């Protein structure tokens, strides 16, 4: 956890951050994001491109969706982070995703795999396996998707999760250990693991599941934060915390999912490090 | 009309619901939708995917946009309902649409055809004819599109309707009788027919035409409601009524089409059966 | 400047409008737009299609996104104006763009080229050169894109502009002189030139850059206004002024980019000619 100085550690015998240090570092990383404006290439599904770009802009990152072959690879080399989301994987996008993952690996660009609705749908399931073998920096999905990706279950019914988050811990740990990725399982409590440590982030609001792209856009924010520090367990916790703290602030003043979405973008924009630190619920 | 009990009928000599029964059943079906969370596969145009998904989530359905060949068919078998919208019909989507319609027919999944801008544009017009021959459960369009689809006119100029709704009744009736579909013609008053009975739904607000996807998203809601009861004249009237009641509630507190859109999503989410029943204007 | 009557001219020795006349004519053209409801075909990137269509609807134009081969050309013949935006140029869209540009030229339909992120990305850069050779009516981009298009620089890093607007004046003038297009460079002050005269429009707000499509949708509005008068320097100034006046009115009552977006659509809808005239900052 490079952002932490040694004397801040509550676990002097290990290099692992304490829960309080995760909260503190989440605020630090938000400040760092605003200083650097990371450029995030999002090759994502047709439903959520607009919301994803607006989330990145609101929090302080720069979005780009360079998603065609021969352009996706060169762009992944200059991007700060890359998101590959399998929601509507047309042929050109599939080719572009493999190109981007390979170029990102070559250039050292962190990249996030979001295996939307893998399981019984053949094209995306094969593509997810191919991309997982390229060793993503982070894997994000709901419980059903993580279980399906690990080969332990039969997948969900589209983008819903029909499994509880805790039921996916075994699968998440297995993916993390075999691929080297940090794995984030979204749900009422987000569970994040690097294959050894398991961190639970419990901010957020259910309306985030009633705005399409509420989960998908988090994948892009994970990519943005991954560019800020080499400790990707930490950056994933920080991104998740900042994102879900903004969601709960927005929900508190909204009437339904319609008014929630613009309020969420406002709060991502207005969010400051102290608010993240004081409201973070991390265990 | 399976939702109606015999003693509620005002037309004891027939099996046709009365106008008051349509309003009452519209509320019942909204409750049923919230109980079942129907999964709606929307293969729709690139402009409205996001809004369509948010409309489905707001009213209580689950959206998915599985729109590539070899995935669209298997998904249509497990979906509660399917929407095929011809707004931006790229080659992969066209193949996926035919695959989804065939699989939906095979599995008994109700499906909606929205023949956006058919008439003089060659690709979508040929595709609409092909899909119509596969006998959609419901056809939804504006007057120009319905007239063009019936081969009675020359089509509109894009997504506008240049024809009055009543001018499309002959075309709508012809389509219904030859294809077996319930046909819904959108306009200030929506006209819905199964080829025999004609029902007019007069809720709504003009701002729904100033939010792109205001008509297209209704197609997805028609698919959601079609999964709830075998009487598709009834489910189409109910979906249209719930949708347009939410629109007029939203418009009453909005300043323009920008603030109307999130308010509409809020009201779809907050809408209850009694409000639908008391505000429904059905003739 | 056909909208101006001779006695209104402050430059009687030339046919060039004065700054005050630009402001006055901007209001006139907004009124004319509402009378005519120009039909704007937008072949644009996947991120901004929804916002672009909503902007056109809000200001009083009619959007259509007919973006596949064999349909794009016929549609460009009947459209009032065409936007070609290179943000996510899939193969079918690329073919459709060339088809639309050729048909637009043949039919006399004005068209706008937005060379998003041209420079080091190979596909769009080659396509931009091909389209520029077809002599667009208007070219719109940020400083980096305009410099790259003129072959004078190395391009930006995606959709950001890393160059100041004034640094692009030489490039903009060169493009205008060689292609015959009016060139609009977006920034805190928009610079617009026909290769001879340079006009600066200074309305707007920074939040327009934090809503994805804030620049791209302006391209569609430029196409709408271009259909209203043959003086495309004037129509470009008028479109830019109306658009950015609405933005600053919206920003004044918003809390962040999330609430700004619907407020912006409301103000585009509510905007009247006198407000445009009184708030215009043109030099």
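Every chain is named by a letter (A, B and C) in the order it is written, and numbering of its residues begins at 1.
By definition in this document, a residue touches a chain if its C-beta (ideal position, glycine included) is under 8 Å from a C-beta of that chain, and two chains touch if they have at least 3 such contacts.
Going by UniProt, the chains are A, B, C = Hydroxyethylthiazole kinase.
No experiment lies behind these values; they were computed from the predicted model shown.
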| item | value |
| --- | --- |
| Steps needed, at fewest, to go from subunit B to subunit C via touching chains | 1 |
| Interface numbering overlap (same over half, different under half) for subunit A and subunit C | different |
| Angle of rotation relating subunit A to subunit B [CA atoms, steps of 5 degrees] | 120 |
| Mean-CA-position distance for subunit C and subunit A (Å) | 35 |
| Shared interface positions of subunit A, touching two or more other chains | 46, 50, 90, 261-262 |
| Subunit B residues touching subunit A - in the complex, by the definition given at the top | 39, 41, 46, 49-50, 53-54, 57-58, 62-68, 70-71, 74-75, 78, 90, 92, 261-270 |
| Touching residues on subunit A, where the partner in the complex is subunit B | 45-48, 50-51, 87-91, 117, 120-124, 157-160, 209-213, 255-259, 261-262 |
